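Across the two complexes that follow, chain A remains constant while its partner is chain B and subsequently chain C.
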Partner chain A sequence: MNTAAAARRPDTAGLALHAALPAPEPSVEVEDLRAGYGARTVLDRLDWQLHPGQVVGLLGRNGAGKTTLLETLLGLREPQAGSVRVFGQPVAELADSERARVGYVPQQSDLFEWLTPEQMLAYFRSFYPRWNSAKVEGLMSRWEIERDKPIARLSGGQRQRLSIVRALAHDPDLLVLDEPVASLDPAGRRDFLRELVEQVIERGTTVVFSTHILSDLERVAFNVAFLGGGRIALHAPLDALIESCLRVVGTAAEVEAWCARHGAQVLTRSVLAHGRLQALARGPAGDALASAAGATLSVERVTLEDLFLELTR
Partner chain B sequence: MSAAVSHLAAWQRMLAVPWQQHRNRASMWPLVVLAVALVALPPLLGVLVSPVVARDAAVVCWIIVVIAVWVSIALSLMLQNDPVAARLVPGHVSRLRILLLLSWAFATLAISLAFGLAYGLAAQAIIFVGTGLLLVLVAMRWPGLWLLWWLLSWALPSSVPWWERNEPARVLLLSGVHQVAAQPLLGAIPTLVVGVLVVPWLVQRGGHDHVRAHRRRARWARSLRTPSSFEQYQAQMPGSLWRLIHAPYRFWLSREGSRQRGGILQRALLLLGPGVHWTGYVGMALFVAAPMLLLICVGLSYLEPGQLPDGAMLGMSIGFGMVAIGVLQQAPTALHQTRREQALLMLVPGMPRGHALNLQLARALALQFIGTWLGYAVVLLALASWLRVDPISAIALPLGALPLLGLLWCDWSRQPAPSPALAMRTALFAAAGGLVVFALAHVGMRLLVLGTITLGLTLAIVAWRRRRLRRWPQAWPTGRWA
Partner chain C sequence: MPDLELFTVATGSSEPIYRQLVELVRRRIAAGQLRAGDELPSVRELAQSLVVHPMTISKAYSLLEAEGQLERRRGLSMVVAQQHRGAQHSAERAELLRPTLERAAKETLQLQLSASQALALFKTILRETKDLSP
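So, the complex of A and B:
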């Protein structure tokens, strides 16, 4: 099975979090998506599904197209081809009732700088049929955001927190966050992640967020999706992925034979010096496979960072 | 020897920064074309018109070149005066001081020399050019002073009639002029001495004040690259005046910001700030254009009817015209600057999308332009009537600028980042339109006919753009396909 096919069926690859449950209607469904800038294609025939209650960390290198993907997913950028459906509706024709279920934290937090937090939140409150004032008040107090100071004069961290408060205020069912913790200190990141987890537990919100901070992702993301080469290279539950992925190094023949013998799926291959091959392989039983290494063949566990480096090339 | 070469190279690098910045940001071709035009113009005029005109043109071209080079060097040196480098880099401040002083002295003397060679007025030129360039440097150090200089540039000419009527003031003015004419070196030498004392002092040595000043200066310099933005006004105005200009916007925001009534796009435009909301233009009209008008009226009240100097009405028309066509320059800038906020607003329930958004946005921007345009035209016509001058000199530019409404009905999804070239294009279109109106009036076309033709042309452009609105992608977020 190739990686693209695995990406199209993220929850049927033997590692699904909700494998025993009947598959609910996806919150987001992306099919054959192509998007780019002029002649430059950034996303190429990308397929992806996000299911209710999933928390997905989107990983990709700089310029891989994470922001483009998230913006296209929200209908902020028209695709060149393919389709995006949110809550079962084409994103370009999303009804107001469905729009009220979407929350978004953009990459830049220096928004509406000419307003005060109070004014900005009051304004947005007027649009949404559901507004969790208690949550807003709680977060504003807990995160010590000054209400009457122009947003331009808040610190970078406070602006980012405010952006998160605004996105959470209407209790969205789909929360899209583009590098939401970039300018937060460790304490701020911990608070934010706690809030995110509560949101998911209380409301079953679907969350997708891009980040470069892998430790945060390990703390909160149940699923991880790797964006590389314009496609979702792999989307799977994080724990199972770490358990099942191994780095296999040996001669090409040894690596191929080993993978065939253990029924492991080769995710990536790279040629090393002296004709040796390194493969990132995924199999059903990581521990057993690790112990099966021979003298000239090395098989070892991988970290999330290793996966990131390999799968986002 | 190598130490001396490396020492020289360090100075050269500081001077080369503006050149490198320009080369990194933009094509060199416009500069090459401009340089060729400036070199070719005087001899061409000498052949086609007369040697005297060629001499005058050569002086003007020389001044343009010197001023352009000097402004870019001086601005770059002021921006290089970074507070961290000032404290930590050995010799940085002293080199900047020397280079800034030399650049000021060179520009002053180069322009004065041209005046000396052409008209024999070198010493007098040192006084005026040296003082003028010093004022520019002082305003680079404190960007808020640009507004004061601008107001003075309006107030001083407006006060000439008062000086002429007030005997003691007239005597003082004339004696000053005679003194400079008789013994110009008495003015030139103190000017140079003041320059030598003041210019190095403008370079700061680090510290808290320096950090704040540098931030203000950087913002002002950045605003020069995005012309006619509110950021530009903000960078050039003292904070209190800026707050005053924003007062109508803040009032409207507190009144309407959280209410659920009114069109959703109007509410979105309110949230996008004073740059795209009509209250921003009301603020500019109340606190910038109206005082300007008052100054002019006070100055002109000393004139007898019909005594207005030639070209003064046209000057006022251009001055107010800049405020009026400001919508054409400011709206693209403000929309581009708020494109990320637009992305968020596109997600709120009820926000129009696609063609509906394009149409509503086009209408809102057109209304803002027409409102400003009407105010501008009425003020100028009233002034023309009061001063008993030909109304065509007042209304030609507004009429010529009216069809530019079509520029606001465009494909915003492909709107590039605003640039000085874009602002120049708008100003040139308005000037060209005004010239055509003037020319048609000159050959005897009546004002009513001119007005009808302009209105017809504007409606035709709007109808054509309206059809295209349907085919363009959704306007917001602005510039996503640029």
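So, the complex of A and C:
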């Protein structure tokens, strides 16, 4: 996969979105990050920025390192190299007052299993100056979470909802969600998305969440970041990506010539049978070019699923 | 205000959600279902109803405003622009067929059919459809 060019300028497309605004300090800034387990490197020379108010969907295949990345940017895992800054400060030195501005929904529930939801929330309330009791009460009722049963005896869906309530309770400025809807049914997922749209996005919270449910992501993630080969291969507004990316299929020579002629940047190449080549190309005016194909060359528009398959390799 | 049920979007499409909304409002206006002065749902209302990022809605509204379909009223509500008193002129309505015909054109090329073969077929289908309609 040829994403080196994209990886060197991970936020190129994001610039268009922010061009009109004075560049605010990123909520999260990751530079030259290397992380892994012992000798195994999962993330390598990864650069990434999350800007205030952005809602970013993090996409990657199983084992690509999404959880490692999210844990590292929260300071829960020490990087092997590189730096992570949250609200402008190195994450390892983040003051408690700044840490209280972060909300986190881990993939594995780490909730206090022997406590009841009521007791667990009371315990956490003492750490956060900005605890929003009214919000907690509202969500606990609407999401029908049992308050007086030990957490260990709640269903997977109820535990996940409780984990989301805990992360939203202190109105965080940065919200990190690792597969937040994996054990929710479609109705539960819709409730969660609705809360994101009606409350969290409305407040200008910076949100990053990983998920494999692309339809959810399409609704709420204005920006998407693709994790592949240990790096953020591309981070861009989703609308712009769907409109500017095309799948170009033909003989290798045809594909290369077409991309060169239209000034399209080749993001990925895969070799097909009979010497044919498939390229994911990002054109300056991709949408308009989609009809420009000939008989042996096909140029087609793409969906988010196509982008996922190509850009997370 | 038009019913929120009038607005629908699909995920998993090669058409971004904001673009689907633009096309939908254009067609409703062209057909006269949305008329001059009709107020559209606020960005917030529509975002909540469709469960999509509010910026997606404002992007669609801004585009529709820029092309003169919608006007921004004081208090930021969006209304259908004054010139849209009823169904549009045929030339403008025809332009709305473009995306569908572009798809047909692409498939014509993929099937290696000539322009005259494709056009003859389109004429036949038009005639058949017209005969069938009351």
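Going forward, the second predicted complex is superposed on the first by the 294 of 313 C-alpha atoms of A that agree within 3 Å, B and C clash if a C-alpha of one lies under 4 Å from a C-alpha of the other, contacts with A are read in each partner's own complex, and residues count from 1 in each chain.
To be clear about the criterion, contacts are C-beta pairs under 8 Å (C-beta built on N, C-alpha and C of every residue); 3 or more make two chains touch, one makes a residue touch a chain.
This structure is a prediction, so every number in the text was calculated from the model and none was measured.
> Tell me which partner A:220 touches in the superposition: chain B (first), chain C (second), both or neither.
It touches chain C, and chain B stays clear.
> For A:78, select first, second, both or neither according to whether it touches chain B, chain C, the two together, or no partner.
first
> With the two structures laid over each other on chain A, which partner does A:193 touch: chain B (first), chain C (second), both, or neither?
A:193: touches chain C, not chain B.
> Which partner does A:280 contact after superposing on A: first (chain B), second (chain C), both, neither?
A:280 sits against neither chain B nor chain C.
> Report for A:128: first if it touches chain B alone, second if chain C alone, otherwise both or neither.
first
> Counting only touches as set out at the top, which of chain B and chain C does A:114 meet: first, second, both, neither?
First partner only, chain B.
> Would you check which partner chain A:99 touches, where first means chain B only, second means chain C only, and both and neither mean what they say?
After superposition on chain A, A:99 lies in contact with chain B alone.
> So which bits of chain A does chain B touch that chain C touches too?
Shared contact residues on chain A: none.
> Give the list of chain B residues in touch with chain A in this complex.
These residues of chain B touch chain A: 246, 253-254, 257-260, 264, 267, 271, 273-274, 340-341, 343-344, 346-351, 353-354, 473-474, 477, 480-481.
> Give every residue of chain C touching chain A within the complex, in rising order.
It comes out as residues 11-19, 44, 47-48, 50-56, 59, 102, 105-106, 109-110, 112.
> Within their complex, state which residues of chain A touch chain C.
Residues of chain A touching chain C: 55, 190, 193-194, 197-198, 201-202, 214-215, 218-222, 238-239, 242-243, 290-291, 293-295, 298, 300-305.
> Touching chain B in the complex: which residues of chain A?
The contact residues of chain A facing chain B are 37-38, 71, 74-78, 92, 96-97, 99-100, 102, 104, 106, 108, 111-112, 114-115, 119-120, 122-129, 166.
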